[in-house]
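Please go over the structures that come below.
One chain, chain A, links the two complexes that follow: it is found with chain B in the first and with chain C in the second.
Right after this comes the complex of A and B.
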């Protein structure tokens, strides 16, 4: 059989075409648009860095960037630690463990809109949680109508949704922790807590960095949770708006300012790229240690 | 009290999109033979009104031999995104169902056929206020055949009014009475409203919304109105969610009997009957709260894009779909009202038969004769959000009502450019 040099490209062509059309072209288009005053109906003049100057002076941008940052800080630690603890419990082969694993994984596959509606009903001023608080003699907590509490409530939903997903990643990693290490530690007299810190955690460090990176990126570009819990408004006065919500709000509809929305998207991309590079570097350093 | 959509399931989720490759449309001529194939796009009419729309299409094709109408119904979710994608690609269907606020940006971008220019003789067939709703203020031109209209009564919860010691048969008719009764209800820890005012409410209050190509709702009357809401909010007459809620959210709170009063439409009455029977038992129906004597009106229309390759047929079909006969038939099916000058004379809209539905229908049809579409066509979704956010800041005391309205007007005027 003769080897034709273009054969591999033929196999690659469909995937490459999809990538070029739906990933690379829109991405490059976004970068071009960021330097124009394009509207949703096309056109637009080149405006240089005007959109970026406007961004720096736009208080909404800073509120959104702060909220996205806070969101990331709020969700990453619980999403790195809690799924690990749950994975360690779910790892045990005991009767009924399947139900336990399924229960934790269900929120991952549930529709985001349904999840949002359920939590809205729970946290509404007349919702289940507030009814219980009132029944216990407390006064209603403005979970969805106070900008800070709205952010925290959304973080809780994100953490609740992410537990199952990251649990599965940890389960796979835990299966790879050599049993003889645990046995050796036990022989040396290490208890369960000592074994967790000295055997499990070091073995899982690369996985933890991966989970931290994934949850940080997802946390920073949060949209659905805040959108659904705030009824699309970004909280009272828009004070709980995140960066992705701001992009959606600026660029949506026929009257959308697509140029400015693209500039915001470019900034979001740069921030996320920076985040991933930092995690990558951290991971490499861990490997070298 | 804006209601963007008023047929079952009509609710749009706007989606952002990009595109530098916008096309400028060129007209291919509005005169010519009514023949050939066209596409007609509607907003969430399937499956409930499939038979009706197919009947209209069949009748048109019969009347104009050699024509063929392809019907495409888009679900409410993503309707704006679809129109936006088609508009920026220059491939809008030949006849599209759009409300005035959607036709405005398309017309402004030069993408729609001006009916004042190409089909002026059609104008007298429609109600003046409905035709006007599709004009670009100050610039003239009409960019859509008015289609179905609606206006709403105010629904209120008689039981909650009685609980607060108010006469359940004397609901508020103007905004002064609204505040008075709201404060009385609030004394008994009952909230009257589930929403802060929309731009249309400012219009109903008598505020000048738009003049000389600029928004003006921060005029003293507007500030007075926002201050009235601030007093009501401070007293607990608005539920906390009012600061973030849209029409649908406020309607759900009224259905759950968490608020005492809500604007609605004839369509809502059926919904109360089936989904909230305990509310239905106590429902009060009254005329819209207005200081101007006119009610607010909502409407949809059909527009013909300049990119249509068969404009003569598209225009003929647009006029046919919205003629008096077809509109009356549609209105009888869908709790809406015809926008034609003679459509409202049908006994169906003028005679009561003792039922609540007929009472609401007849009252609404009467209201429509003087009703105004208070929402300026220039008022975009971004502007609506700006007003909502500024009013929320005013209610929370972060800024004065005057400052909030000044900021909202500044933002709206910036977005106008």
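Right after this comes the complex of A and C.
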């Protein structure tokens, strides 16, 4: 015997306590609360599927779910492709490459809030971007006050911040692409574009699926970017609200409708888990090929 | 040879344009933060006529920005310590100790990873209220104090330690705690640095949870303090800009300090994963 029987549990106790108390218990409690009319003040009667019926009839829910979905669809393709191109630029060790890589990573290090505030200022009706638009002869664009443009502007912020993050993942993967594959293709007379499509992309496919999964899940749970760019309002008339913003505004504070917010949370969880399962399935299919 | 030069020039051209896109917005924010009251902040001019650091002092007059920064620093530091220590202990037990219930413990951690924070945040608020912890910095720290992902990362790192080394220590009479501290921890230093850096960044960056759980201004962390500053003083962009620069500088310094470990640690993880 190399240790007393209870010793492993002493090692595990703090970690298990945090996971059970602050992750798994709230999770189970959320599922229970979703079927009650609990308020922020506590209590709550069992109300069956009332919360879900209300949700289906709630136009705010549909707007929020649509926005979260659109957000995901909008950010995934650029986040799969652009960081890969940047990683290929930054892959080769040339003088000063460390400075470039660090600089590309800076938006990731800066917090989402800092990034959100910087872009709120850039996209202001009189901000730097609109100054440039005017200098080029255009008229000012209402980036932050039109609900569609607000969504697109927030996506740009998410994509901008994701470039450096996913670049690092691609850099690690590119380092593992066998060199002889490239050399063989070169001997066969394949140019750089041809080699990109027939050597780099196929060997990076699992990484691309991973990046697609991560950016899809993160895209669907978007909160901070839209919250900050809209000054907390979710756009004009709340037309740019996302699902997480809706949960936060319904469930928070003294007037919080905890039961309804929990029902919305259940839907969010099911969608995110579904996204994850689809990705795992895609990944498995890749393995069989 | 000439073709190679052309490609190199094109590569640098590409690198420089992405550099401008990544860094430009920060430079613009910094330029705004050092513009004096007499200068029009809407004029697209990166170099102020009369640079001043007065806005950094002025932002502290309208909101307690240094209190916010101290709160954030406190929360992030505690988060680093609890994550490194707590996750290393749990990871060590899962990887190196044999006991009944090990699979059960691993399942608890693995299933915790699958629960997205956004889905449980309202329910988590009720838990904190049950403990009487709402509107405290303790409540900000606790949910992320020992992240399940870090436990599994460290478990994988401990698995790489050769068994013979530990067997020798057992023969020498070292108990589990001594083996953990003397053999285990030094062998996973690289992973610990990555866990520490990510814990700090995650905590410093966290916005949604402090927004839900904190209500008094003097408890605010920098992120919600800055959002409040922008909401209240949106007319004075110089102050908002100074506030954001205060929030971003510590992280850039920390990252530059640990950068070598970071890119190496990320590379290692990718190869093993």
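In the analysis below, the second predicted complex is superposed on the first by the 278 of 289 C-alpha atoms of A that agree within 3 Å, B and C clash if a C-alpha of one lies under 4 Å from a C-alpha of the other, contacts with A are read in each partner's own complex, and residues count from 1 in each chain.
Following the convention adopted for this analysis, a contact is a pair of C-beta atoms (placed from the backbone, for glycine too) under 8 Å apart; a residue touches a chain by one contact, two chains touch by 3 or more.
Please read all numbers here as calculations on a predicted model, not as lab measurements.
Superposition of the two structures on chain A shows chain C clashing with chain B.
By the touch criterion defined above, A:144 reaches chain B but does not reach chain C.
Of the two partner chains placed around the shared chain by superposition, chain B and chain C are both touched by A:231. Contacts of A:126 after superposition on the shared chain: both chain B and chain C are touched. In the superposition on chain A, contact is made by A:107 with chain C only, not with chain B. Contacts of A:19 after superposition on the shared chain: chain C is touched, whereas chain B is not. In the superposition on chain A, the chain among chain B and chain C reaching more residues of chain A is C. In the superposed pair of complexes, A:258 makes contact with chain B and with chain C alike. Of the two partner chains, both chain B and chain C are touched by A:248. Of the two partner chains placed by superposition, chain B and chain C are both touched by A:33. It is stretch 127-135 of chain C, out of 127-135, 163-171, 181-189 or 253-261, that runs into chain B when the two complexes are superposed. Looking at chain A, you'll find residues 26, 29-30, 33, 124, 126, 231-232, 247-248, 251-252, 256, 258, 261-262 touch chain B in one structure and chain C in the other. Within the complex formed with chain C, the residues of chain A that make contact are 2-3, 5, 7-9, 11-12, 14-16, 18-27, 29-30, 33, 86, 89-90, 92, 94, 98, 100-107, 109-114, 117-122, 124, 126-128, 131-132, 135, 160, 163-164, 168-169, 171-173, 175-176, 217, 221, 223-224, 227-228, 231-232, 244, 247-248, 251-252, 256, 258, 261-262, 265-266, 268-269, 272-273, 276. Listing the residues of chain B that touch chain A in their complex gives 14-24, 80, 83-84, 87-88, 102, 105-106, 109, 111, 239-241, 243-246, 249, 256, 258, 380-382, 385, 388-390, 392-393, 395-396, 398, 415. Chain A contributes residues 26, 29-30, 32-33, 36, 38-44, 124-126, 142, 144-145, 230-238, 247-258, 261-262 to its touches with chain B in the complex. Within the complex formed with chain A, the residues of chain C that make contact are 8, 11-12, 14-15, 18-19, 21-23, 25-26, 28-29, 32, 42-44, 82, 85-87, 89-90, 92-94, 97-99, 101-102, 105, 108-109, 111-112, 114-116, 118-127, 142-143, 145-146, 148, 151, 170, 175-177, 180, 201, 204-205, 207-208, 211-212, 222-224, 226-227, 230-231, 234, 237, 240-241, 244, 247-248, 251-252, 255-256, 259, 263, 266-267, 269-271.
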